[in-house]
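Here the chain labels run A, B, C, D and E in written order, and each chain numbers its own residues starting at 1.
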Amino acid sequence: MTGLPLLTLSIVLPVLGALALVFVPNRDGAKDGLVRWVALGASLATFLVTVLLWVGFDASEAAPAFQFVERTTWMPAFGVDYYLGVDGIALMLMVLTGFLTPIALLASWEGIHKKVKEFSIFMLLLEAAMLGVFCALDVFLFYVFWDFVLVPMYFLIGVWGYDRRIYAAIKFILYTMAGSVLMLVAIIGVAWLHYTATGTWSFDLFRFYDLEIPAGMQYWFFLAFTVAFIIKVPLFPFHTWLPDAHVEAPTAGSVILAGVMLKMGAYGLVRFSFPLFPEAAAYFAPVLATLSVIAIVYGALVAMVQPDMKKLVAYSSVSHMGFVVLGIAAMNVNGMQGAVFQMLAHGISTGALFCLVGMLSDRRHTRLIAEFGGLKHVMPRLTAAFLVITLASVGLPGLNGFVGEFLIMLGAFRWDPRFVVVAGLGVILSAVYMLWMVQRVYYGEVTNDENKGLPDLSVREWAVIGPLCALAIVMGVYPNAFLKPMEPAVARIVERVEARQPVRADAGAPPSAAPTAASALPTGSVR
Amino acid sequence: MGSDQLLFYAFGAVALAGSVLVIGQRNPVYSVLAIIVSFFGLSGLYVLLEAPFVAVVQIIIYAGAIMVLFLFVVMLLNVPREDAAEWDRTHPLYRSGPMRAGAVLAVLLIGQLVWALSRTPGMAGGVADQPATASSVADVGRVLFTDYMFAFEVTSILIIAAMVGAVVLARKHDES
Amino acid sequence: MIPLSYYLVLSGLLFTIGTAGVFLRKNLITMLLSVEIMLNAVNLAFVAFGRTFGTVDGQILTFFVMTVAAAEAAVGLALVIGLFRHRESLNPDAFTSLRW
Amino acid sequence: MLSLIPLLPFLGFLVNASVGRRLTKSVSGGLASAVMVASFLVSIIQVWTLAGRDPAARVIDETVFTWIASGTFSVDLAFRLDPLSAVMILVVTGIGSLIHIYSTAYMHEETDSEFARYFSYLNLFVFFMLLLVLGANVLVMFVGWEGVGLCSYLLIGYYFSKQSASDAAKKAFVVNRIGDYAFILGTLLTVVTVGSLDFRDIATYVAALPPETTFGVLSLITLLLFIGATGKSAQIPLYTWLPDAMEGPTPVSALIHAATMVTAGVYMIGRNAVLFEHAPITLVIVAVVGTATALMAGTIGLVQNDIKRVLAYSTVSQLGYMFLAMGVGAFGAGIFHLYTHAFFKALLFLGSGAVIHALHGEQDIRHMGGLKTHLPITFWTFLIGSLAIAGVPGLAGFFSKDEILFETFSHGYTWLWVVGVLTSLLTATYMFRLVVLTFFGEERFAAAPAHPGTSAPGHPGTNAPGHLHDAPPAMAVALVALALGSVLAGYLGVPHALGGHNQLGAWLAPSFAAPCAPAEAGAPAGLEGLALEACAPGEEAAAAGTPEAADEAAKTRLELTLMAVSSGIAVLGIWLAFALYSRRRADDDPLAAAAPGVHRVLLNKYYVDELYDAAIVQPIKVLSQEGLWRGVDVKVVDGAVNGTGQIVGGLSAVLRLAQTGSVKAYAASTFLGVVVILAYYIWR
Amino acid sequence: MTMSTYSFDAVIPVLCVTLAALVIMLAEAFRAKGERMPIGGLAVIGLLGAGAASVLLWNRNAASFGVVTADNYALFVNLVLIGVGLFTVIFASQTVERDKLPAGEFYALMLMSLVGMMLMAQATDLLLVFLALETMSIAVYVLTGIDRNRAQSTEAAFKYFLLGAFASSFFLYGIAFLYGVTGSTSLDRIGSVIAAQSMSNNPMILLAVGLLLVGFAFKVAAVPFHMWSPDAYDGAPAVVTGFMSTGVKAAAIAAFARVFLTALEPMIADWAPVLWVVAVATMVLGTVVGVAQTSLKRMLAYSSIAHGGFLLVGLLAASDVGKAGILYYLAAYAVTNLGAFGVIALLGSADRPNDDLRDYAGLWYTHPALATLMTICLLSLGGFPPTAGFIAKWYVLSAAVGEGYYWLAIIGVLSSVVSVFFYLRIVVMMYMSERDARPVPAPMTRMALAGVGLSVAGILYLGVLPARVMDWAQASIATIF
């Protein structure tokens, strides 16, 4: 392995790109082109670094769990370190981030005319923060990145969004922040437990893993962490920020939001909630699973009746991310691997859907389904791409959506088939709402004169959508390339959780086996 | 009832009466005069407490200088009576609220103080049970310029600040 | 012999009258006077306590309080003059342009 | 080599999909047909190789790569050729080739790019269909299963400008998805129960278990799989999409919605024969559902006026027969009927396509009539097909249908047999009603101009009778070839009663039996030794071939009797059709005159679509729109979110009023604080 | 009290500042009308001297006159206060000239109030605390009203003054009772007396504790003693608001912590519940009422109230983490709020302060750099990483959680979410609303702009590399508590 600090490099490169952009004088947009290329270059370089990570990653069982580890003290007073490292799960999500950011930049090449420089800066900062979220192994550092992600995204929605962007941006940031701050309290709480147990300060994730946290506290901590994460995911009933944020965000924002940011929540569940608080996780897993199957069905049903394409896709994300949480809640190798795979798949296909909807809305300045119809006559290539992505999204086997959903359902089935029976309805409903949208937008005659003579995909748009479609197919046909690297990591987490869950060793343990909530409430410790 | 008690009641009554008069009528000129009366009462109490220097200062500086300043301002502004509510732009709901609330709270406060004092140990002892180790002007001066030297110096800054402030604030408006 | 509590009760009464004055009067100058009464009530307490301990500390504290009172009076009166210049009124409720 | 069979059509798809719009029609159509023929040839070679082996060793396995591996679960992208899939690939590639060739003429009026699009879909379909039949495990089969569904979706919606076409496409996909839902659940249950998805592993595992007498896990698996099959193979309750699917081009109907895709459900049961055999309760359900579907579709077919819809209901009905066969455990008979049906139903569809082609898109049989002189090739081939489906002795349908009825009766399902026979009467009647109204009688097409609503966009133009021309060569070739097939196909399975040897049944038997101890180490660890007792090679096949003599004679008598009954029924049906329909005007349907209520119900397909719409579709829509979205989402969930914001905002607006600007109020606040704090200290 | 304590070391920083104030007054006296004089420079020299002295006194635990200490705690606060002073001088350079404020008096008063503030941090005697508090307050009252041409400025000053005097009386009464119980005003003595005998049942000392708490809470602007602060912050010139929102708060909290965590520490069980309620009320009310504000200064006034609540949380936790947290918070809050008010001051013009929310519409389009700097300040106020505000909040919350004050921490973080709402309203205005006719601010001096830049640099420094200042903060509390 090279001596280069690749993880730091992947975080620093976008920041450097952003800094470079600060010094590009672009008062009146005269240098927009240069700005765009610089940003794209920086993000591509970052992508290259993430690919190097993948190439250099040793996925064998014997390899260390976390690789490319970097560690420097940051706040010695609290044992806070700048501590980075990736396992297979984080690696995959980093590659996803690295992949989607240039795509998003490219997707907004022509859609963004206002303040291009600042737009690019925010995009790059966002990328850096997201990468940081995935590779931080110090809980405090994680939180720093986690919270900072909100800021650039807030600006992206608020400044470059559509009509109700301000409402959406504020809702987005407040809603997600309301969840995160409780997690902050819980992080501090765990750190204190560590301090009282060992007498030293640390926010090292692995030291936290080793803590024996009393069950009573676990429930609270688990809730605090998990609420933060499932708001981000978002899980019913914490999802309503998402449709607004998606609808109002510019294309690039939606792509990143759906493609990467939602995964941060699921990643948090995998990395923190479950392994840190296994007993609580066992206790609450049925609740999470129930919420996720509700989300799956509910998201799909609500998506079905949306008049706005972006909103439809947004609700479809609610539905799909419900699968992810279901897989995590199952807490076995199948379920969790499926969940991680589904994260990647959803990132690709929903990112692509937002790109495509963005292309339509760039052309027509509306996203209402009723405004379209018969587009297949005027833009067959875009239609074809849309169809591929649609099918990926509905989970057609052979495309990326299927593998994840199947593994999730398999994992959940091994755990408690009842959830799968409900979740499977999502399979039906996803076809309903996606194909209905395709039908209304692309099929039929061109009824609206404004739709006549719309140009088909340009070269740039090919560059955006081509890789996404290709990846959707590759991931569906040869998913093992993605499953293999993450398998040891997933197995390790499952092991860790199961080892400390006496009640939940076997499938289908009844929820009543867990201790009751009343006895679990911490008493006296809260003033 | 000894003479000191009699004196205490007399001076106390004067102090209280003066204070009540300050807040009990509307003319600020009378208020200033009433507070001077009250100060005389306090001054008498200081004498009873064997603090003659304080008593003198109370009369000369407090009543003589500070209150005269008040009187001067009252005369300068020439607002003999409280004006009515023509300037009162607060919401009607709030207009008399603070007044009543203040009165009620004041009653509560005195109740609390008395109640608390009545339960504090060591209150029954006479104030002059112990012989004063030092109370002469010389003692005062010595302690003031040793133990309290730095505090004394700090007051100089306080007074400069107040002076500068008063000048800045009361100076005529700029012509600009 | 006069118990300490007598002085303290008297001090308390004066203090309370001072606080009440802040609320009862619609005249800035009287309100300032009320604050002076409060400070004097404290002074009485200081001297009484000082006498109980038999030291001069109480008296000295009183001097400092008087100094502060004087400084406050100076600044307060200057402000009153400034306010009066702006609005020709000494009613505290006339000065509510800053609110909410 | 095995993977070449699906790969060839896939290459055709790639070429036509990517650069097809720049190719001329002859190139793109020719290419598509060529890959099909090539694939057919490869299939023949492979099947030949297979046939050359010992019956017990007739399996060719080919693993391409490990597809999904997660923990203990692993599934390969693997193909398997055995007697059952051999029959299927021959049908798929063979009939597929003919239909491709037919299509080059039929679709010739499309633009270059549309033409290429059509063929790319068609190639893609064949690719997925081959994946379905060759898949060595449930998941690969499922890929094909879904893939053919996709292609069906694309091809039904081929005329995407038409609302009805895109509606039908969506309906097909969604209804299939309902089945797939159950299929996936069945798959998951299989994984959890068996630990593998390989068909051989499943069979090995199951063979070691006794057949379930109560509704156990195997029954549940099979029931779920069967529900999946009802979607794909258009059985009650999920059949409604198939008649609508006739919106697609006619060759598509022939290939997908008659010959191949819709039989996937039957194939799937055949593939899992051992599993189903161990779940007798499910088998009864299969048989009953199949029979009910056959009868119901037959009655509906009796009154439909759209030539393709009649054929569509006929397909549903015939699929019901196949399921009946599977349900009574006569897997060989079911597959036999599948195979013969592929010929004559494809023939009928292509024939109807020729008619439609000739009439420039007219599909209403009330506007046809007397075409037998104008379209001789079409007429004769269509007649052969009709005779075959009606079960006239000597033709393909006779042998297969008869075997099903015989097996039904002999397995003791007398009532099902009665219904089957009744359905057979219906089949003969509606088919010949179709023949009579289309080819006999007066020429009604001249009088009626082409109805714009039923005119496919690919077929604009006038409806002048002078322009009638029979099938062009490419179409004729296909028709004739299929007609030959319809006549001859049945002779592969001539029953012993008629002195035949039922070669097909014998060929297929190993596929329905529990596998022998794996020659090549295919079974996963833990499964060896489980099923060895069931592995006497060819035992069942031998048993089927050499019954005892006394039984043999009784059986033969029974079979012959039944044969006579059904032949008579067929003839009766044909006579009925001629009697009822040949002399009348098309509009006054005798059934309508005799029983208008029944007729209306049948014409409206028992109002099932309406029922589904009212009971399922609309409630879900309304629930989603008004209940979930505008109600729960906007009002409750988001209402809580925004409500929190509003509460804070309202609180803010109220609390700021405390800041009155009056210094006295401020002092009061401070004073209040003092008094409260002191009160706490003094009176706590 | 021996003569050895008559060393001057501990008061050198204060002396430097005092001298600067006096020199400035002299200079002003000799200044001809219309003559420009670098008066601000004199202030800077004095402040730098004080800063240097503070640094040199580090770790020496100097004490003078028995009432002044220069322990690290005091020095840390002093350095923060000196920073506040420096920033104020930098921003004032523009405002004083533009608004025609009396320059000499302005700087002199500012320095004198700084003297008061620094002494509050250094005082170990309640009398001195009171005197320092009054010195600070009187100077700040005047500064609030220094723009005497504006009625609002005078009104604000008067409200502040009257309420301040009112609250001081309570505070003083508290000192009197404490003196009455313990016979001393020295913190050490009071502490040892209280520790020697249980005082929980003595109503008089409870009165004293309550009244002292009121006096400090008033200066910290804690609910319900906060009502002066929105009006005073609103009416005062922006520069002064920045100064007093940071300096007064820092000094008050420093003294509050010293008095309550040394002398009154044995009574923590008595004052903690009250402080709990006050802290919660302060955080909640500050943020909630801030939501409805339309004036930026007023909004930040409420924000300042809320931040005061957070400081009280640190005080309440009373652990080492809490104490160091308070110090860190003070530094972070000072640098942040000064930056924000610096921007507000820069955007004002002579005729109107331009502090309405709508005045910021589209600021990003006309003044991108300023808007960016303001944004970073606001993000820091809202507690977003990687800014000073985040680390500070986290520090204080750590303390609260460590002491088991989970609910306090939860209320705190939730209120900070609400506060983000109104910080973001400003951001929304600057970035997401466009306005054709923005009021044109007076031309900005380079120095003032650099000042804002400096504060933002400070914000990022404290947010990204907090380790050093954290160490200092921890070293500061090691010696005294």
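FYI, a contact is a pair of C-beta atoms (placed from the backbone, for glycine too) under 8 Å apart; a residue touches a chain by one contact, two chains touch by 3 or more.
Keep in mind that what you see is a predicted model, and the values were worked out from it rather than measured.
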Chains touching chain B and chain C alike, please list them. D, E
Suppose you hop from chain A to any chain it touches, then on again the same way; how many hops at least until you reach chain C? 2
By Cα-centroid distance to the whole-protein Cα centroid, the innermost chain is A
Among the chains, which is located farthest from chain A on the basis of C-alpha centroids? B
Let me have the rounded angstrom distance from the C-alpha centre of chain D over to the C-alpha centre of chain E, please. 78
Based only on mean CA positions, could you tell me how far chain B sits from chain D in angstrom? 101
How many angstrom between the C-alpha centroids of chain B and chain A? 68
What whole-Å value do you get for the distance between chain A and chain D if each is reduced to the mean of its CA atoms? 38
What residues in chain E touch two or more of the other chains? 127, 131, 134, 138, 141-142, 145, 148, 154, 157-159, 162, 166, 203, 206-207, 230-231, 292, 421
Which residue numbers or ranges of chain A touch two or more of the other chains? 174
Identify all positions of chain C at which a residue touches two or more other chains, and write them in rising order. 8, 15, 18-19, 22-23, 32, 52-53, 55, 57-58, 64, 68, 71-72, 75, 79-80, 82, 87, 92-93, 95-100
What chain-chain pairs meet the touch criterion? A-D, A-E, B-C, B-D, B-E, C-D, C-E, D-E
The answer for chain C against chain B in the complex is residues 1-10, 12-27, 29-30, 32-34, 36-37, 40, 43-44, 47-48, 50-60, 62-64, 66-75, 77-82, 84-85, 87, 89-91, 93-94, 96
Complex contact set, residues of chain E against chain B: 1, 11, 18, 21, 25, 64-68, 100, 102, 105, 108-109, 112-113, 115-116, 119, 125, 127-128, 131-132, 134-135, 138-139, 141-142, 145-146, 148-149, 154, 157, 202-204, 206-207
Which residues of chain A touch chain D in the complex? 171, 174-175, 236-237, 239-241, 298, 301-302, 304-306, 332-334, 337-338, 374, 376-377, 380, 391, 396-398, 402-403, 406-407, 409-410, 413-414, 417, 420-421, 424-425, 427-428, 431-432, 435-436, 439, 442-445, 477-480, 483-484, 487, 491
Report the residues of chain E in contact with chain C in the complex, numbered from low to high. 127, 130-131, 134, 138, 141-142, 145, 148, 151-152, 154-159, 161-162, 165-166, 168-169, 172-173, 175-177, 179-180, 183-185, 230-231, 234-235, 292
Looking at the complex, which residues from chain E come into contact with chain D? 158-159, 162-163, 166-167, 170, 203, 206-207, 209-211, 213-214, 217-218, 224-225, 227-228, 230-231, 270, 273-274, 285, 288-293, 418, 421
